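Paired with chain B in one complex and with chain C in the other, chain A is shared by the two complexes that follow.
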Partner chain A sequence: MIGASKIKQYSNVLEKPLSKGKQEVSLSAFAFLFSELVQYNQTQVDNIAELERRLEDAGYAVGARCLELLCHREKCVMFMPFWLSQGNRRETRLLGILSFVHSTVWKVLFGKVADSLEKGTEHEDEYMISEKELLVNRFISIPKDMGTFNCGAFVAGIVRGVLDSAGFPAVVTAHFVPMEGQQRPRTTILIKFAEEVLRREARLG
Partner chain B sequence: MIVCVAVVGHQNNPLYIQSFTEADDALKLHHIVHCSLDVVDERVNNPKKSGPTLNETFLGLLYPTENYKVYGYLTNTKVKFILVTTDLDVRDVDVRNFFRRFHAAYVDAVSNPFHVPGKKITSRTFAERVSNIVKSFGLSST
Partner chain C sequence: MAPAGPRSGDAIFASVERVNAELFTLTYGAIVRQLLTDLEEVDEVNKQLDQMGYNIGIRLVDEFLAKSNVSRCVDFKETAEVIAKVGFKMFLGVGASVTNWDAEGTCCSIVLEDNPLVDFVELPDTCQGLYYCNVLSGVIRGALEMVSVPSCASLSLVFSSSS
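Up next is the complex of A and B:
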């Protein structure tokens, strides 16, 4: 159950409740589930673009719920005085929501902050979050005939879900970026914000 | 005495409305909730730039009307919770507490993978939890 629980004093150590454990899921369980998800979708579609779209839609559902959950969890911090728990602010600025995705969301989902957050050079509305190796791609290798397909489309969907629910509609895609000197290419999540977001941002100054 | 609670989506579409008295006309309560949405929008668009009131989640007393008081709460995803009560002496702390538990119930209901965001919340568990929270609203204040 989400939310702060009452803290009771137990006289007998045997009466203490068991600890809640770490808020973690086993990587192998997730990898198995994700591989089943990809395989299931593969049987339903006949081209790569459709497969990417389906993975992205699955991620979108996760992202939308993730934002609600994080907003609530950051507020309900135990051991703090009740009036101090109004910690989380609603993000209205572009950089604010981007750093929220880059640090908080990544930390909750993957256990670490993303490797880097960059602003695109060619277009004003493009931002990139890069990661040396996406957690979801750890046990996946793409066959040659699939071309540029990236299972990171799931993570791109999550990011799109978070941004969309927070009021920043965007088009998010995942790409492989080959790096010199390294065997596996780096993964980049490319975020392209919609027109209205940029106009609103310019208006806010 | 809480008369009505409502969850309104980010496009001002109602996601969940529940009234807790048989006496009052349900339509009137719907109307009060609908009018309070304007006040919420006003608060959001013209924030009082004095310190911590910027981007707060708990909006406080929206407006008092005849014999009702209406409280508002805004989440990160622009989903609004509206609370209509007939109590005259409600403490701020109680209302904040109420909204915190209501937010917990809402997050649990939305985390359901079968729930479509934007559609009405049809979970019975959510309805039960909400009525539990409403019942313990006045009683927990000491």
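Up next is the complex of A and C:
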């Protein structure tokens, strides 16, 4: 029973040295776990929107912790704003944080950088990260009666968690985009930044 | 060591697709947090985790048998060894050992040295009594049931992580 053992070497989990982050588990272990997450949430909701919201909330928690982990690991001075270090600096610009999500976060979580990062053409505050096949959707097929539901909502939640914790509040959603000549549609994570982010970005020049 | 046929846990783990353990850890943490918020009672959460593990186990055993090529185990001792050495290794990438056999050979403990599920986790005082890794006991229970090994209804595993 975790928590009841008296043989712990460290009294506090925060004192344990941070691992390098190279440990891996099998894809099927993750896929099984994720499918249980989705199935459990299906029993708790009445409609698709609610299911997406719950998956997003689960992802949000993952994203927030992921940002902290990555920053600590790369000797980022997230919490000491007047110091510079050899490692990553804290991202304060929009494009900076977007490329952090698109490259670093994606690489750590999914083993590769995201397929593409685009700026929305219709609105100033929209950006899109696209992926041909999200890791979480690999073994999932959506029944017709669930319409536009996308389990990528979990990943959208992760992105929202990272952005929010980094000081860039946004609304993040996942969408399927059918592709010509391909059986499975592409997934696009749509990021719509809050007003304050754009104002701040404009002020920073 | 083994004749050509059953593959070692390391070999299988090297050949399957893998993901970052931290994604796995954080996702599991999110699941447990959701359950605690929804169910509030620690016992209910334990039961739900076990049920989730059971659902996983009944499907996981197919993949296990397909990839590992193990032959039929002769007795429960061998079964436990295979679970610990091959099963845990090929899915979680960590080895486990079997200890604490009772007199009749029907009950044992599987000890995980390094459990990816509990990285970064500390239980608050309000959650004492939560079997955080109960999903693992559900997985084993489900898997064993599918291969017709009658296992006791309350299979509780003790995990000790030596840092």
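By definition in this document, the second predicted complex is superposed on the first by the 172 of 205 C-alpha atoms of A that agree within 3 Å, B and C clash if a C-alpha of one lies under 4 Å from a C-alpha of the other, contacts with A are read in each partner's own complex, and residues count from 1 in each chain.
Heads up, the rule we're going with is that a contact is a pair of C-beta atoms (placed from the backbone, for glycine too) under 8 Å apart; a residue touches a chain by one contact, two chains touch by 3 or more.
What you are looking at is a predicted structure, and each value in this text was computed from that prediction instead of being measured.
Trainee: Touching A:47, do we find chain B (first), chain C (second), both, or neither?
Mentor: A:47 contacts neither chain B nor chain C.
Trainee: Taking the superposition as given, does A:183 touch the first partner, chain B, the second, chain C, both, or neither?
Mentor: Neither: A:183 stays clear of chain B and chain C.
Trainee: Quick one: chain B or chain C, who's touching more of chain A?
Mentor: Counting residues of chain A touched by each partner, the higher count goes to C.
Trainee: Could you tell me if A:65 is touching chain B, chain C, both of them or neither one (first, second, both, neither)?
Mentor: both
Trainee: Using the superposition on chain A described above, determine whether A:13 touches chain B (first), chain C (second), both, or neither.
Mentor: A:13 sits against chain C, while chain B stays out of touch.
Trainee: After lining up the shared chain so the two structures overlap, which partner does A:165 touch, if you call chain B first and chain C second: first, second, both or neither?
Mentor: A:165 sits against chain B, while chain C stays out of touch.
Trainee: Report for A:24: first if it touches chain B alone, second if chain C alone, otherwise both or neither.
Mentor: Second partner only.
Trainee: On chain A, what residues does chain B touch that chain C touches as well?
Mentor: Correct list for chain A: 1-4, 61, 65, 69.
Trainee: Help me check something: in the complex, which residues belonging to chain C touch chain A?
Mentor: Within the complex, chain C touches chain A at residues 13, 16-24, 26-31, 33-35, 38, 48, 52, 55-56, 59-60, 63, 90-93, 116, 118-123, 127-133, 135, 158-160, 162-163.
Trainee: Which of the residues in chain B come into contact with chain A in the complex?
Mentor: 10, 52, 54-58, 74-79, 93, 96-97, 100-101, 103-104, 106-108, 110-111, 113, 117
Trainee: Using the touch definition up top, name the residues of chain A that touch chain B in the complex.
Mentor: Going by the criterion above, the answer is residues 1-4, 61, 64-65, 67-72, 75-76, 82-83, 85-86, 88-92, 165-167.
Trainee: Can you list the residues on chain A that touch chain C in the complex?
Mentor: Residues 1-5, 7-10, 12-14, 16, 19, 21, 23-30, 32-34, 36-37, 39-41, 44, 54, 57-59, 61-62, 65-66, 69, 108-111, 135.
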